[in-house]
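As written, the chains take the letters A, B, C and D, and residue 1 is the first residue of each chain.
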Amino acid sequence: MKTIKLSSFAIETVEEACSDFQYREDELINILHRCQHKLGYLPAEVQEIIAQKLQMSVAKVYGVVSFYSFFSMIPQGKHPISICMGTACYVRGAEKLVDEFKRQLRIDVGETTQDGNFSLSCLRCVGACGLAPIVMVGDKVYGRVSAKQVKDIISEYQKSMV
Amino acid sequence: MTKVKNLEELVKLRNKLKDKIQVRTITEGSDLIARVRVAMGTCGIASGAKETFEALIAEAERLNMKVLITTTGCMGACYAEPTVEVTLPNQDPIVFGEVDRKRAVEIINEYIIKGKLIDGVVPQNHQSI
Amino acid sequence: MIHTHILVCGGTGCRASQAKEVQEELVSLIRDKHLSQTVQVTTTGCFGFCEKGPIVKIIPDQTFYTQVTPEDARDIIEEHIIKGRKVERLLYEDPKTKKRISDSVHMNFYKKQLRIALRNCGIVDPENIDEYIARDGYQALGRVLSIYSPDEVIDIIKKSGLRGRGGAGFPTGKKWEITSQVEATQKYVVCNADEGDPGAFMDRSILEGDPHAVIEAMAICGYCIGANKGLIYIRAEYPLAIGRLLVAIEQARKYGLLGRGILGNDFEFDIELKYGAGAFVCGEETALINSMEGRRGEPVIKPPFPAEKGYFDCPTNVNNVETFANICPIVLKGAEWFSSIGTEKSKGTKVFALAGKINNVGLIEVPMGTTLREVIFDIGGGIKGGKKFKSVQTGGPSGGCLTESSLDMPIDYETLLEEGSMMGSGGMIVMDEDDCMVAISKFYLEFTLDESCGKCAPCRIGNKRLWEILNKMTKGEATEKDLEKLIDLSHTIKDTSLCGLGQTSPNPILSTFKNFKHEYLGHVRDKQCEAGQCKDLLHYTIDAKMCVGCTACLRNCPVGAISGEKKKPHLIHQDICIKCGICYEKCKFNAILHQS
Amino acid sequence: MKKIHLTIDNKAIEVAEGTTILEAAQKVGIHIPALCHMKMDDIHIENRPGGCRICSVEVKGKRNLSPACATKCLDGMEIKTNTIRVIHARRNILELIISDHPYECLTCAKSGQCELQTMAQDLGIREIHFEGEKSTYREDFSKAIIRDMDKCILCRRCITMCSDFQTVHALSAVERGFEAVVSPAFHMDLNESSCTFCGQCVAVCPTGALSEADYSKDVIQALANPEYTVIAQTAPAVRAALGESFGYPVGTSVTGQMVTALKNLGFDYVFDTDFAADMTIMEESAELLERLTRHLEGDKTVKLPILTSCCPAWVRFIEQNFPDMKEIPSTTRSPQQIFGAIAKSYFAEKIGVPREKLIVVSIMPCVAKKYECERDEFKVDGDPDVNFSITTRELARLIKISNIDFKQLEPSEFDQPLGESTGAGLIFGTTGGVIEAATRTAYELQTGKKLKKIDFESLRGMEAIRSATVDFNGLPIKIGIAHGLGHARKLLEEIQEGRCHYHAIEIMSCPGGCIGGGGQPFHHNKTSILLERQKAIYSEDKQMKIRKSHENASVMKVYEEFLGHPLSEKAEHLLHTSYFDRSSQITIDDSEM
């Protein structure tokens, strides 16, 4: 027998989500949304239980999780940094911001810093094209960001950590 | 809220509401001194429309003025967010752009009270059906 | 008390033609004439009429002066403000009638925008159904249910000439008709709100600003095709739109405008939300349905079309947000009204998200047939920073880049296709001389590469190869042979991919190659990037003659690649330089050179 | 049905509504190449994702090329399959696919049988114009199946087999875009997944992405080592397919040549798994009759129907998916394992070779058998009863490696005593065979009468799920048969829900039973090959002198000299096994909170 170890909170979260959606396989994406929202990410064990509860294969669940960029199997940093890579932001220099964040944080896009403070991701059009290029840290939006400001943005959060 | 039973009732409801809230200018006899709409789409909120909205309410309350302040969707002028539309009695609505807390207070004190425009008016160059 | 306002346009276009000087002159005249207590001069944003700038508008009489010079200020004050006589020669002359128009009330033609889909955005409170009802909300549904048969409504939509606003432009009425004619016990209405074009946000704005417009139209569609269930497939990245839709659906239910026995009729309709999770390909109908059923959002071969076999194999009508937003006005104002707007084959209006190197970034709605020039230079206020217009991209990653020569073409589905682009969902990105067309192609290909589902080989591998070739080009490592391969492969991918994503993914390449072939050749033959954007082809140096030693570059360089003493020419160390371009942006003396 | 008229390359043709362009073209002698498409008639296996686009053709009036495999014929269609546009596009796509594929043909397990390689040859690809980054993945070496996903072309045939046919769902398309690949969840190894090692993914993979774990080198080494006595056992389905690897017509039984080849290879004893199959029948029928008797006596605890347990993939399937039903299958070991146990006890004693000096090699049509012989319960102090299990394909390679000209070989007989077999043991190789063999024996043991007709035709065929009632002298015995785990699942669910009234059920994982096993020469999706192999088995059975297991004298001798009787303590110990719960269990672990 294979055992899947998980915290009681995670188990309850999955159970609640699945039961709210009547254990329906076609509600998988909604269930994953709910679990990720509560747990922050979707570790393998969580996907295993979801598969069990919905009586579907875990390969299929992972097939879905890995298909959609919104779902993550890595815990996000305390301060998730997202750079808008919509066209409007791109033509206004978003690429330079990505380079600069990568350089400053020494991580690649899709990674989290070792101390778990920052994670870096790109997203497609936040819809604030008037403020391009856009950087989001958590829910906070920074508009018309220049490469030079990158350092300041990072240190703003580093300070608050101390 | 009660259910609208048929088309006739819906028409009646519309006519009633039209008088009550639809008016873009403020009808005579109303004790409202201005109607304010804050564009609160994602772009507006990203630019700080929530703070603007709060600042407008706080200032109106501080001055104890009867101003109707509501939220609305995107007005389309993303380059000038946050945008705020102000309608004074018997006048065309004016849209102000880049309204931060400071300018929100200014709009109430200068435009709504004194009728003076402040810089940064966003001309409305569209017709709506 | 102020009784007269003089508004002076502060838009970039007008500024460039001395609007500031006009304003200063007006202010000083008012002061001289002791009019400060009653007359106020204010700067405004762009009027969207830049070709006739600077613009001065007088309130309350709505006089609209065009091409005002500082010298004209005296006449405006002395004649108009003091004597009440309008300055005839500054009034706008109607190019057709040659008559001068005295005020902007009669100048609606200058208002190039006509809002149908956006009619309530920025006007109603989206979280208050009463405001929607006050603006004729749910009247269309009410009339449809009590007056028309489903076929009659479909006929109205067909006659209106409305075509799908999601991209391809399939006639909406016809789509409804096909679904209505399939016999089934269960059918579905689906609203595709999985807007994912980078740089397009009109659907989100409609849902955030006027959710009931979509809800009402979906109910009408349900009545027409015989569906009692509606689903909105919306991006999870749109929390605000989701929140407002949920509020709106709840309010509509409370009023009995959704649910059973709507408005006393034997009609039932309700709506549920389904969330996307960040996959652009789910905008494709069949992928969207797969995703709604909880699977990987991979497209499947059509036919069968969703109209026959859609959600859970039931007949399903899929329209996008903007398409639905047009339905109620058509029902209320009639097919003739709608079809009177636009061009022969493209009726009504189109919403565009105008962005990029343009002054008035924003959401606009114009009648079909408006020219790109009007959109970019009048409504959009022209190019940012006074740079030269180079290209406009429409249709997102499926579209193409158009040039100066296409600017006077009327916007409609067919023209854009002929010009090598497409309508798409409505992103419109303006580019200037600093934008490299090879790099732009690479940007779009990177997007497609990220978003390809991976199911079919041409899209999965082909787009990767296209990107690799473009990447080589931007690094100066490509040959002319690579260029040949790029074009050859582009055609194969278009011809053989499974779904619309792959079939259109090479469009950015093909259109830029057609219109900017010399830039491609420049990258492969001469290893040069004329726009100066491909950093591997550039190096930054300091022109010692121009450099005054202000240290601005040195202070701003993020990697410390610049050295030099104050007031002496500085030097960029090529081995440290990361070519970020900050020094170029910061130098006020044009001393930084970037060369291929 | 409506008839549809169209032309393909100017040839007029009439087809039934619903026919695809690919099928229609075949009828007029036009072979449109296809990679991902797979359709096995009669057994309802179809994979048609429309993903490879190799079969693209030109349909007049359509803007883009259409995939022939997934486009239905419509009236008046004008189709061109060989225009310059089509040929160019097809070559470009093929080059693209190859550009993301390792150039390892010379050392690839699939070389010579690879559909991608063949197509590149057929289309005359001499240069890849679109070179670029290739996808790379960690190789997954399980004991039975090797996954080298660098070679995957995402045709998804394996998923169709694993999910649709077997309902095992070990595999799924994962990731997306260029990173998309077929994999178990979280890119885990097959060993950790729900894979049953049935090997059907290997059987249909067009390239070398999925292949059997190859033990032929180990076998060569064992044969070369004078310290070891090396014994071969050959499964019944092998002889019906091995000839295909040496150019014999499909359906040629090559038993005698195979035995000679094995002897030439240096095996000390060449025995027959059929012998062990006969022992399986002895034990299994005894079990059936025992359960049946108790059932008829009113014992409510008795588990019926009894399920066959010779198929290791099936065993693993039930252990993983229906752990609550693990008491239902017969506890009798599979013929491979019975053979191993007897060889390393009874036979070892007989020839006086200690167990650890004895190497048992099984030649199987199956890849799951490699997994089975690794199971701990089939080892004694770490020494497996069966040391190596190799497939029909590996045997063919061994023969070639050893410079043996198979076609020139004179047939010879199996060695004795473990080489004596019956027709009953032989028909184990096809679906329905095990239960027919069991019936032949159980009938005679139960009724004490001789069978008038040995052939139970009602149990034969290719239908996915079959059932028949056999009259045991007034006692109607209901028998069910399923091949394919998906069909087995249906029967299990019926049992779970109490809707199943069979007394005995035979289950085989592979289509057609072992003849369609994952270790057989590749059938390239032709059902006709399976049917021919099946025919070969039944006709050899007909020619056998002895066709009932309980009449196998050598088997009887083992019982006399060694085991006593079926279900004796010793038989239980050596010939039976038990099953394990392999489902996953959730446990709470709050230690990290």
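Observations
Basically, contacts are C-beta pairs under 8 Å (C-beta built on N, C-alpha and C of every residue); 3 or more make two chains touch, one makes a residue touch a chain.
Note that this is a predicted model, so its numbers are computed, not measured.
When every chain is reduced to the mean of its C-alpha atoms, the one closest to the centre of the whole protein set is A. Compared on C-beta pairs in contact, A-C and A-B come out with A-C as the pair having more. Distance from the chain A centre to the chain C centre is 27 Å, each centre being the mean of its Cα atoms.
Taking each chain's centre as the mean of its C-alpha atoms, chain A lies 36 Å from chain B. For the pair chain A and chain D, the distance between C-alpha centroids works out to 43 Å. Averaging C-alpha coordinates per chain places the centre of chain B 73 Å away from that of chain D. Shared contact sites, meaning residues of chain C that touch two or more other chains, fall at 201, 204-205, 279, 296, 298, 355, 361-362, 450, 453. In chain D, the positions touching at least two other chains are 173, 175-176.
With touch defined as above, residues shared between interfaces to two or more other chains in chain A number as follows: 60, 63, 67, 126-127, 129-130.
Here, these are the chain pairs in contact: A-B, A-C, A-D, B-C, C-D. Within the complex, the chain C residues that touch chain B are 1-2, 5, 7, 9-10, 40, 42-49, 57, 59-60, 108, 110-116, 118-128, 130-131, 133-139, 142-143, 145-146, 201, 204-206, 208-210, 238, 240-241, 251, 254-257, 263-264, 329, 333, 355, 359-365, 379.
On the chain A side of its complex with chain B, the touching residues are 126-131, 134, 141, 143.
Only residues 24-30, 32-33, 60, 63-64, 67-71, 85-88, 90-92, 96, 99-100, 103, 123-127, 129-130, 132, 146-148, 151 of chain A touch chain C when the two sit together in their complex. Those residues of chain C that touch chain D in the complex are listed here as 279, 296, 298, 300-301, 303, 449-458, 460-465, 468, 485, 488-489, 492, 494-498, 503. Within the complex, the chain B residues that touch chain A are 41-43, 46-47, 77-81.
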